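Two complexes come next, and they have one chain in common, chain A, joined by chain B in the first and chain C in the second.
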Partner chain A sequence: MKIAVLSGKGGTGKTTVATNLFATLEKGMLIDTDVEEPNSHLFLKPVILERIPVKKEYPVVDEELCTLCGKCGDFCRYNAILPAKKKVLVYPELCHDCGGCQLLCPTDAIRYYPRTIGNIYTGKTLSGRSVAYGDLLVGEVSGVPIIEQLREISGDEKIVLIDSPPGTACSTVAAVEGVDYAIIVAEPTPFGVSDMKLVVEMLGALQIPMGVVINKAGLGDREIYDYCQSERLEILAEIPFSKAYAKQYAQGGLLSETFPPFRETMELILDKVSKAGGRELL
Partner chain B sequence: MKRNEIAILSGKGGTGKTSLIASMIPYFDKLVLADCDVDAPDLHILLDEYNRTEQDFVGLQRPVVDYDRCVACKACVNHCKFQAIDESIKLILGKCEGCGVCQAVCPQGAVSMQDNVVGKIFVSQTEQGALVHARLIPGEETSGKLVAEVRKKAKTIAEAEDAEWILIDGSPGIACNVISSITGVSKVILVIEPTLSGLHDLKKVQTLVRGFHIPILLVLNKADLSTEGKAAIEEYCQEQGLEIALEIPFEPKMVEAIVNRKMPSVYHPAFFDQIGFKEFIEKVQA
Partner chain C sequence: MKIAVCAKTTGMDAQADDRFGRAEYYVIFDTETRSSETFENPAKGEPAGAGGSAVRFISQQGAQAVLAPELGPKAVDALRAFELAAFRYTEKKTVRETIADFLDGKLAKADVSTTKSKHGLRRA
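Coming up: the complex of A and B.
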């Protein structure tokens, strides 16, 4: 069973829920697909065993062969290749690696070469559990190839928890596409509800079953409860707002290891998710 | 008049970007607001909008196959590097990146690239100035381009209204949408938390902003959440020559303001006086 933990709004507690569910579950693998700002390793503290560079190809123009005809630049919809007066300029970060410029070059002056856009780190926790996270290099525009490779690496695992990126754009879809269940972590505030609606819409379009964990409960208002009821969304659990939790989190600690009620909440979530179709969890 | 664009970013999500920008609004005379967090736009929730207009946002074009002309030669299938056209010559929309290779290789001229609406841009009026915000259809990948459109629109309005300031609410992360939010701005405000994740994420976003040679002002939100966390951030800032321009202690009334859909600095002015918010604004406007 593949379970994604996501949120729409940032900072609602995705990583907290994902890492603590993982620690409570005692089996399976966790992948952190928030490759722009991955944090789960700060809490799980895995020993890193391997670094896998994630590559993408980009065009290099052979100036000897290039006649500056401009066909490459006219074709490229990403402005990644621009014929200037004396040479063709290439912006590797903007390139989508579609191969169009190479196809259209009449003098065969373009070749593609790989370059690294980020890394995947794989490792084991102290208790021997597999963890992998991606890390997009600063200046790169999209982490999607790293997310896809993380999903591939974890493809054969029976149980995978996926710590997803915030938002609802392409990287979030890459992280959650094809999962068996999605846990939405949301805050009971107007911002939380507004962003959660976009996530519910996205998961609906992807036909992924979902449930909601309300984090920092007691801090905001009741709108989220009304919304869940009107959309018939199951509330899996509520995690109360607590300064003690926030302090422990600040230092990179796992709440389930320190606070028995928090661990019980994680068990409750796992129990409900297993009832929703994940018998492997039991 | 010189126009100043200021972007508020955070790296890590949920550190308080929108609450901060909303609190800053009353201190600016003539401004335009641009919410560039296009897949989780929230700033409008705190403002009373009126006269909202909307327009479609066209992202990258998408191929449309004319099956009367198609002879199923599969040149498009074989050349598509994104596996976005299946064996029965059907487009898998979610995989298509709109490159146009299928059109270029089709010997029958059966593929045309057509405009594809992937979001909406809204312009509305508020008591405090015009607000431009947007919404990307979930799963779309042109958020960088949409952010650029939002900023362009905000600039046009600022010019027409002779507004000196444009405040930009950015998204978490460091990818295209964030890069697109900060190109050419005069200052970036980074809102961070005194946590291990906060410090980790600060390093990446700071590296990004530094790469563009943009001055940074740091705001440490929920500053009293963790003494150790705060000390670690302070040490890092000293190393990096970064100034913490404002510290905001944890205050439940901030959340109360959001719940009541009010700008926090208007809802609880005494708290903002106490933390030196006016002095912070002076630094922002300097």
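Coming up: the complex of A and C.
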């Protein structure tokens, strides 16, 4: 069973929920696909065993063959290739590796070459469980190839927890596509609810079953509860706002190891998710 | 010679824009005929690479120099490749006043021969 943990808004507690579910579960693998800011490993503290560079291809123009016709630049939607006065300027980090410029080039002057856009780190926790996370290099526009490779690496695992990127952009879609269940972590604030609505819409379009964990419960207002009711969204659990939790988190600790009620909440979520997914988790 | 100035609105009395690649408009002024024409910046809404795209557009309009408040690293690369000169203005003035400053030699020429670390955030 593949379970994604996502949020819409950043900072609602995706990583807290994902890492603590993982610790409570005592089996399966966790992948951190929030490649612009991976931090699951700060809590799970795996020993890194391997670094895998992730490549993406970009166009290189043969100036001898190029006639500066401009077709590549007219085609590129990402401003990655720019026919200038005497040569063609390429911004590798803007290229989405679609291959369009190469197809269109009338003199076959364009070749694609690989370059590294980030890395995947795989390792094991102290208890021997597999953890992998991706790290996109600064200045790169898209972490999707890294996320796809993380999904591939974890493809054969029976149980995979996916710590997803915030938002609803391509990277989030890549992280959650095809999962069996999605856990939305939301906070009961106007921003939290607003961004959560986008996630609910996205998951609906992808036809992924979902449930909601309300984190920092007790803050904000009741809108999230009304929204969940009107959309018939199951509230899997509520995690109360607690300074003791925040302190433990800030020190890189797992809440489920220190706070029995928090661990019980994680067990409750896993129980509900396995029932909803029709599969045994615990 | 034609020079392009970043502008917030249209015409010679528009405020000069404080962005280059994402400026709302470019007013292109012909120093020989003293005439001007305003173009909407087609690159202003690009998710990434607005600077390079804007340089290409300005070059296509026949300009040989740009007057700009600041330049990102991609814009600098593009200015060099399109062989355009760049001059920097720092004061909040109208397009007309900025052009007058340029013609009086009051604007510093930007070095686009290399993409230095001081341009933009990426290489900071």
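Quick note on the criterion: the second predicted complex is superposed on the first by the 280 of 282 C-alpha atoms of A that agree within 3 Å, B and C clash if a C-alpha of one lies under 4 Å from a C-alpha of the other, contacts with A are read in each partner's own complex, and residues count from 1 in each chain.
One rule holds for everything that comes next: a contact is a pair of C-beta atoms (placed from the backbone, for glycine too) under 8 Å apart; a residue touches a chain by one contact, two chains touch by 3 or more.
The structure presented is a predicted model; accordingly, all values stated were derived computationally and were not measured.
Student: In the superposed arrangement, which partner chain does A:Cys170 touch: chain B (first), chain C (second), both, or neither?
Tutor: first
Student: Just chain B (first), just chain C (second), both, or neither: which does A:Ile48 touch?
Tutor: neither
Student: Contact-wise, after the overlay, does A:Leu65 reach chain B, chain C, both or neither (first, second, both, neither)?
Tutor: After superposition on chain A, A:Leu65 lies in contact with neither partner.
Student: Looking at the overlay, what does A:Ala244 touch: chain B (first), chain C (second), both, or neither?
Tutor: neither
Student: Applying the document's definition of touch, where does A:Phe191 land relative to chain B and chain C: first, second, both, or neither?
Tutor: first
Student: Decide which partner touches more residues of chain A, taking chain B and chain C as the two options.
Tutor: B
Student: Have a look at where A:Gly139 lands relative to chain B and chain C in the superposition and call it first, second, both or neither.
Tutor: In the superposed model, A:Gly139 contacts both chain B and chain C.
Student: Taking the contacts chain A makes with chain B in one complex and with chain C in the other, which residues are shared?
Tutor: Shared contact residues on chain A (touching chain B in one complex, chain C in the other): 78, 138-139, 141.
Student: Tell me, which parts of chain B touch chain A in their complex?
Tutor: Its residues touching chain A are 10-15, 18, 38-42, 45, 60-61, 79, 81-82, 94, 97-101, 104-105, 135-136, 138-141, 143-144, 171-179, 193-198, 200-201, 204-205, 207-208, 211, 222, 225-226, 228-229, 250, 252, 255, 258-259, 261.
Student: Would you pull the chain A residues touching chain B in the complex into a rising list?
Tutor: Counting only chain A, the residues touching chain B are 7-12, 15, 36-37, 39, 42, 75, 77-78, 96-100, 103-104, 136, 138-144, 165-173, 177, 187, 189-191, 194-195, 198-199, 201-202, 205-206, 219-221, 243, 246-247, 249-252.
Student: In their complex, what parts of chain C are in touch with chain A?
Tutor: Residue list for chain C touching chain A: 43, 46-50, 52-53, 55-56, 59, 74, 77-78, 81-83, 122.
Student: Quick check: in the complex, which residue numbers of chain A touch chain C?
Tutor: Going by the criterion above, the answer is residues 73, 78-80, 82-87, 89, 91, 94, 138-139, 141.
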